[in-house]
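After this come two complexes, each holding chain A, first together with chain B and then together with chain C.
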Partner chain A sequence: MSLRRLIDTLCLAIFWLAGLLLLIILLGILGYLIYRGHSAINLEFLLASPKGLPLGTEGGILPAIKGTLCLIMLAVSIAALPGLATAVYLAEYAHKNVISQIINTTVQCMAGLPSIVTGLFCYALFVVRMGFGISLLAGGLALGMMIFPVVVVTARDALLAVNKHYRIVGTSLGVSKSYILVRILLPQAAPGIIGGILLAMGYAAGATAPIMVTVAAIATPSTGDLFQPVMALPYHLYILFSQQVSLDKAYGTALVLVSLLLILNVIAMCLRHQKRREG
Partner chain B sequence: MQEKTGTFCLLVAWCSTLLLMSIILFMALESWAVWTEVGPLKFILGLNWNPLAEPQQLGIGTMILSTLWTALGALIMAAPLGLCCAIFLAEFAPGWITNFLRPAINLLTGIPSVVYGFLGATVLVKFFEVNFSMASGESLFCASLVLTVMVLPYIISASESALRAVPPEYRQASLALGVSKPYLTLRVLIPLAKKGLLGAIILGFGRAAGETMAVLMLAGNTMVLPTSWFSKGEPLPALIALELGTSEVGSLHYQGLFAAGLVLLIFVLSINLLLALFRWNRRNGVN
Partner chain C sequence: MSLQMEDLQVSFGNSKILESMNLSFSKNKLHAIIGPSGCGKTTLLKSLNRTLELDKGYQIKGKVNLSGENIYECKDTSWVRKRIGLVFQTPIALPLSIKENVLFGVRYFGERNKAKLNVICENCLEQAGLWEEVKDKLNHPARELSGGQIQRLSIARVLAVSPEILLLDEPCSNLDPSATKIIEGLLKKLAKQLTIILVTHNLFQAKRIADITIFLMNGQVIEEGETEALFANPKEQETRDFISGLTW
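Let's turn to the complex of A and B:
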């Protein structure tokens, strides 16, 4: 009996430790980034172009911020509509049959696609075969392909979470299915869908492997021209570190990138959570 | 009108399937020369990668071994930790901790891989260099350690939902019999949810095998056959990321990289299909 109790206490202790370890990891990562990165961040860092020799030792990261914003906007505008349409099909029109099974599996496989493979495919197709060159368009398409499954899954869940009564009442009033969808279901699911899109934007902003072969440049003004390369925060961070340009600036860049992503994630979480509580 | 919206959505959904198919097909076409000239067996098991030498040697055996080593290593650490954490979240954590911990897990997935790689390279690698007086601290073990943190959130959320899917009758019956909660968890819930838990671990393995930036920055990038967990290596994704920019379009080197990508793609896809099969069985089965 006492052995049993000992084992129980031991198990409990292990489970608690495992849970708390995770919290410590997260706080440790954020705390260390702030501790090392805060001194690099000032107005000049955010609003100037990289300067100095080797490039990046002085100056700022404005082109990288601009480039990342261009990239995520482009990626979302490419992936949002197809993603939403697929989600609507899966949530509203699909019956439990082979077709919906295949599409569900496809989305799941696309979510599991290694990001470097997406990059490789887009490099060969858009950069080489179609002749876009290393360009914003190729990178946006690669990121769009990458975030498509995120949009589908979050939008599908948001639609499925809408209260079933709306559907039943709507149908019994003789309202057409597409009318219910546009006027009732989509507005009801909107916070969840927008939250999912923000989540996808964060995902796109942090991705490095697909953009390092399709769009990123070490130094360019990031004009936003579709056929020009841009700088991007994650790639800039990689270059600053791997070419040993400046560790301080690298910490600053990492802090800016992580803060941007955390803001996106927190807003997304609030939107999606609020919906769940009402539903 | 009703039909039109549905058909439109179905068409778009089919396009995604088409896209996935075309990715596989396209990669196979781009790398066709490698499969016919070098041969699949020699390519996958070959230990030398010298695309610029004469004669060219294309073998990705060492890279595959490095990939498996880092991913399995990450799994050895992440699986027990992730399962314990999921059990804690699903069964033991008080409400206020859950409300705190679950967003924290979501935020961990939000941190990009390049930041994980960067932190691992500046903190972990330094730590190994200083404390174990190694000439350079990069190793497969370092990569595994960082991958552990990266795949943990996926393992936790998947296994937590597997545990929560166990019907409540089992809990009620066990508690009515006066069984303690840890006993209930270990002897009843885990065996019942074992398929879902296994699925969570396999999902983590797929994630770890396809991850690029962290292994690129941490594994050391040397093309020797890794003999231990602490030697250096160059996993497949790192190879592709490093050499794609410098390979000449249309050369055997370029095609070799696509063949390597295809191997990685098929590996990860088969893991995902296996998972889909699991889920399909579970939905149709008793549990």
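Let's turn to the complex of A and C:
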């Protein structure tokens, strides 16, 4: 075998093994969660409130599921439209100048901000300064702020991926930018944009740090009242685990949370796949 | 409608692309612009309907008069581009149905009447020589069409907004000979109603269909005149060399 072919085969093996390793880690986590958590999962676990002493040793996680869903919905309602608008500005309207560079850099910095810092900032601003207290609203705003850059970046990239000739053809007909945007670019980028929003929802669902200081309670019915705290799956998991309340229930909760994230990711992947097929 | 360029100069950074162009395009004639690669043919075409300014970095000086009005003084670029339509080299179907591709510009310019829209669609597809091939699948996605059909659809889409001048940038360069033949026939027909300016690399195509031929080199007009005369008896040495294949 010639040296070149040997190098090629070696490269292939290294990359293939890297992919395999990732798959093994992911499947390992999932498998372990199923192994440890499946015994805790039953109808009562999904549909009842936590009970027992200490709280969580018995009963279920329904308020945490409800709370997490409320938080996701609120975060997405807060971040989706401004995120999309920023993405449209960056992809379609911004000239390559200092302002657009500052916005791009700011979005990137926001994406890299540790979520506990976002949480702390939101605690100071919404919980204390604006007087919302530890509440669903403060938590939703914190998560909204956290996922905003994810929405911007995915939507911007989805718009930039649309065939640039469509813009040129439209403009050369005398058609305005906004008309091309509404009739061509947004529908074409929609699967990518929605996929990005779903990924951001997954990111919000799993975030623990920002909700610890803005919204989460150890036990509350999670009524959906904007000014009341709610329970949330990641925080509930953290309490069950860190306080050694019940490891079985902790693994059960983790399994529910991961399943929720998996569903969101699979939907996002399907949308991207559909876009690729259509494109 | 006639179009005149008066001392039009285009530069990109420090390099001059077009040098002091003075050209006149007569009404209802088919003009072919020929010249070696990089001589400024596409730049010239794009400067005629103000799409060149969409690419950053170009400086444009001088006048382009459409019926005596300088299009570079007009604030409404949309109006200019509607009146001077441009068909690109690459056949491009918008991600819409065949019918909506044709009506894309028409709807933007405010036509809402369904019956009128249908008539416009049929007429333009007819003019573009595509009606018979697509009349039963108007609501199918346009991407199902072949390259040649998409190029004719692009022409129909431009015709639908009723331009007075039609610019075409090497419209047949990506097409096979039979699709090229169809488009050439179509352009000859359209020249009876429109002023057509065609950029082409294909000298035979210019010879076959153009009334007037303009030879460009290094951003300058070397020679222009009746096609037959220019090919049979070129006045300039550069033209002679280009036509005989010495310069490319």
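In this section, the second predicted complex is superposed on the first by the 255 of 279 C-alpha atoms of A that agree within 3 Å, B and C clash if a C-alpha of one lies under 4 Å from a C-alpha of the other, contacts with A are read in each partner's own complex, and residues count from 1 in each chain.
Assume contacts are C-beta pairs under 8 Å (C-beta built on N, C-alpha and C of every residue); 3 or more make two chains touch, one makes a residue touch a chain.
Please read all numbers here as calculations on a predicted model, not as lab measurements.
Asker: Once the shared chain is lined up, is A:208 touching chain B (first), chain C (second), both, or neither of them?
Answerer: Touch partner of A:208: chain B, not chain C.
Asker: Tell me which partner A:55 touches in the superposition: chain B (first), chain C (second), both or neither.
Answerer: neither
Asker: Name the contact category of A:7: first (chain B only), second (chain C only), both, or neither.
Answerer: first
Asker: In the superposed model, which partner reaches more residues of chain A, chain B or chain C?
Answerer: More residues of chain A are touched by B.
Asker: One more residue to check, A:160. First (chain B), second (chain C), both or neither?
Answerer: neither
Asker: Look at A:108 in the shared chain and tell me whether it touches chain B only, chain C only, both, or neither; answer first, second, both or neither.
Answerer: first
Asker: State whether A:176 touches chain B only (first), chain C only (second), both chains, or neither.
Answerer: both
Asker: Quick one: classify A:145 as touching chain B (first), chain C (second), both or neither.
Answerer: So A:145 only meets chain B here.
Asker: Under the contact definition given at the top, report the residues of chain A touching chain B in one complex and chain C in the other.
Answerer: The overlap between the chain B and chain C interfaces on chain A comprises residues 176, 179.
Asker: Hey, which residues of chain A end up touching chain B in the complex?
Answerer: Of all residues in chain A, those touching chain B are 4-5, 7-8, 11-12, 14-19, 21-23, 25-26, 29, 32-33, 82, 85-86, 88-90, 92-93, 99, 101-110, 112-117, 119-121, 123-125, 128, 145, 148, 152, 176-179, 181, 199, 202, 205-209, 212-213, 234-235, 237-238, 241-242, 247, 250, 254, 257-258, 261-262, 264-266, 269.
Asker: Spell out the part of chain A that touches chain C in their complex, as residue ranges.
Answerer: Residues of chain A touching chain C: 95-96, 163, 165-166, 168-176, 179, 183-184, 187-188, 278.
Asker: Going by the contact rule at the top, pick out the chain B residues touching chain A in the complex.
Answerer: Per the stated touch rule, the residues are 1-2, 4-6, 8-10, 12-17, 19-20, 23, 26-27, 30, 81, 84-85, 87-89, 91-93, 97, 100-101, 103-108, 110-115, 117-119, 121-123, 149, 152, 156, 180-183, 185-186, 203, 206-207, 209-213, 217, 237, 240-241, 244-245, 249, 257-258, 261, 264-265, 268-269, 271-273, 275-276, 280.
Asker: How about chain C: which of its residues touch chain A in the complex?
Answerer: 49, 51, 54, 56, 77-82, 85-86, 88, 90, 92, 94-96, 104-105, 108-109, 154, 157-158, 161
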